[in-house]
Amino acid sequence: MILKKLREEVLEANLELVRRGLVLYTFGNASGIDRDEGLIAIKPSGVAYETMKPEDLVIVNLGGEIVEGSLRPSSDLATHLILYRAFGGIGGVAHTHSRAATAWAQSGREIPCFGTTHADYFHGPIPVTKALTPAEIRADYEANTGQAIVRRFAKLDPLHAPAVLVAGHAPFCWGKSPAEAAPVAVIVEEIAAMAFQTLTANPKARPISKHLHDKHFLRKHGDDAYYGQKR
Amino acid sequence: MILKKLREEVLEANLELVRRGLVLYTFGNASGIDRDEGLIAIKPSGVAYETMKPEDLVIVNLGGEIVEGSLRPSSDLATHLILYRAFGGIGGVAHTHSRAATAWAQSGREIPCFGTTHADYFHGPIPVTKALTPAEIRADYEANTGQAIVRRFAKLDPLHAPAVLVAGHAPFCWGKSPAEAAPVAVIVEEIAAMAFQTLTANPKARPISKHLHDKHFLRKHGDDAYYGQKR
Amino acid sequence: MILKKLREEVLEANLELVRRGLVLYTFGNASGIDRDEGLIAIKPSGVAYETMKPEDLVIVNLGGEIVEGSLRPSSDLATHLILYRAFGGIGGVAHTHSRAATAWAQSGREIPCFGTTHADYFHGPIPVTKALTPAEIRADYEANTGQAIVRRFAKLDPLHAPAVLVAGHAPFCWGKSPAEAAPVAVIVEEIAAMAFQTLTANPKARPISKHLHDKHFLRKHGDDAYYGQKR
Amino acid sequence: MILKKLREEVLEANLELVRRGLVLYTFGNASGIDRDEGLIAIKPSGVAYETMKPEDLVIVNLGGEIVEGSLRPSSDLATHLILYRAFGGIGGVAHTHSRAATAWAQSGREIPCFGTTHADYFHGPIPVTKALTPAEIRADYEANTGQAIVRRFAKLDPLHAPAVLVAGHAPFCWGKSPAEAAPVAVIVEEIAAMAFQTLTANPKARPISKHLHDKHFLRKHGDDAYYGQKR
């Protein structure tokens, strides 16, 4: 069995989604990439989380060919592959249908940055893709979903906005590793839920100022970050 | 004790509703049918789930006569019977008063297909019945509830829309087996909850396109389905 | 220690409120009455549920005098007493600040009967009291809260509407015994939560018809009730 | 290791926030002060709660200098220090990004006192700060957050309003000890959640009367308090 460590990390990322209540049954999937090998480990399609083992994960190359594994990979594999090819800095992808984030995706609206919880992770709104055309849906749908995400990020740094809402579908989230991608999915769900309640309390709520937004994002992610322990 | 396997499956379906937080106390009920025998196993009325055993389930025929069992069957039995008689392809029925789905039923509105989570299971909106007439409520109320469902499905395939909202009441859900029916109830609750939040984020939210809807439903349920493992 | 069985039932009713997530810290209280003895067992004030024992409950008479117990009774005792004196058919009272029911109480509006979940327990809306006058708040506040409830029930049967929303405060619930009162509090919370979502899905949602309302209430509570097992 | 008891109390306050579901990952922090020593124990920054031990807490003086501890203190330390210096009666501070309270903070609106649950803890609305200026955000941001809180309390008694919503950010809560501060954070979350639902049920909902507000606050906190057991 190759890539044992990556398999374990990806399994753990999948299980984190379950533990945090983000997935029902077999909804959702997480993957990770070994950039040196150019190989990806991804959840198999439609398999129960409770009994999943590292050897059940499917290893594919960046072209989507199965390198090791007897199960079918997640039906969203093609979306993951597009993200890994376009976003060189990412090492893990997590996709869920978590309730609040999915509802925002269904609403077709980006999530405005209403507060510092959001600003701690995203240097801007949580973006939403454009709807796919009928032709893009008909053939290579999952790859075209990835392409719609990539187009949305033409002017965005994927590590400054580590998630996207696919319109009418659900969020895709990522990070430098599978272990970073899964918590982004958790936090996106929380941000989405807070944003609804913000609008309920004040339908005219406004995003926070760019100054406050920058401050929070950069105290965690900038060159002079001072959150957490020194590494 | 006859139909031991069916009893166990139906008990398990009832317990799945409890585990997923869909029922309070003795609300809700699930049943299953053995089509060869023409016999149905259904939850007894008003009995606690915690102590329920396979032998507590009640076996009835399609005419509603008790074939085996010392307890009264669920008071919704007559609704289940109508569904089994009208929908030849179904093998299990689950009825809950789960919060969000019940609220949609109370609102009297079908749930529009706002996203792919919905489209993965329903090839259209989640339909709502018409209100019963005073006469239909007065006598044979539970059977008439079933008839209202059947009328609503005059032009619908029950396996393409495996649940209905009974107006002013709650959802009835089904599947090819009891093991399929219970998860439909779980997913209907999730879809209903997401639909509220979708409207909160965007009161003018629109259903997804027919193209996207077809794509998601058919990748799971069509002749060329490619979700999950080959069977 | 007198009234051991009543103490145990009342403790259990208090714990049911905790298990169902209806109380935070020491919010909420339940009591029960022995009609033959004219004595009431009630939760002590501000004591943690986790360590509460039957002997911690306070026994008082209908005049509010402590008959047995070294702790102060719940500060809402006077409200409970008024209810026991005015509503001869009740044997237990449960008071919580559960989230959704309290929010309806805060809104000052009765909960319309939007569906059968509600109709199964209440033969009408869940009523709300009028606000107390400054004089009623100043002196004997808790007793006056009880009087406001009793006035609201001038034309209502307390066993046909086993709960009330005290305006700006929270629900008081009751039943024929402590074991019946606590589940009413649980169900009122669920009905309240569903009612919000009903209004979210359809701000113009209407109560169900009197026919359907009667049918559901009476199939559980009327002379010809056919829900549950024969007793 | 100095201040063992304070460390344990502060650790326990941090864990209470976790147990009550108020924090995701390492969001949130609690601290406590030993007024005699003039020393504060605070959670370290970005460390997992599950493995945190008393010795991981950081001891600082009121000037913010580390007196004992090898980890960085919470990045919000400067806010805590300002509160301890300005509010002489407080002994503990808890800061969370709990969902509903944070959403109110994001909405920029104070939480009106819609009911007695709120009045039991706050003798007025839950106040919200003014937004910081760009200059206040740029330098000494965390201290300036504290200053904005202090300015908001120019005419308020911090023990009569034991929490504040920092606009666009989240709540800061306090009490006479760390053991009092953490439950305030729990209760603020509940009050915030109820307030949303109150507005959903009745968008024109009004605060309770001053008479009722005074009654509830003073029966718990006034000179003649009669809630709980005598101490």
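Labels A, B, C and D are assigned to the chains in the order they are written; within every chain, residues are numbered from 1.
Quick note on the criterion: contacts are C-beta pairs under 8 Å (C-beta built on N, C-alpha and C of every residue); 3 or more make two chains touch, one makes a residue touch a chain.
Bear in mind the structure is a predicted one, so any value in this text is a computation, not a measurement.
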Legend entry - Rotation angle superposing subunit A onto its copy subunit D by C-alpha atoms, nearest 5 degrees: 90
Legend entry - subunit D against subunit C, contact positions shared by both copies (same if over half, else different): different
Inset, instruction - With chain centres taken as the means of their Cα atoms, state the distance from subunit C to subunit D in Å. - result: 32
Legend entry - Where subunit B and subunit D are represented by their mean Cα positions, the distance between them in whole Å: 46
Inset, instruction - Could you check subunit A for residues that touch two or more other chains and list them? - result: 195-196, 199-200
Inset, instruction - Would you mind writing out the residues of subunit D in touch with subunit C in their complex? - result: 114-117, 183, 186-187, 190, 193-202, 205-206, 208-209, 211-212, 215, 219, 226-230
Legend entry - For the subunit A and subunit B complex, residues of the former touching the latter: 24-27, 44-47, 71-72, 75, 97, 99-100, 102-109, 131-132, 134, 137-138, 141, 168-170, 195-196, 199-200
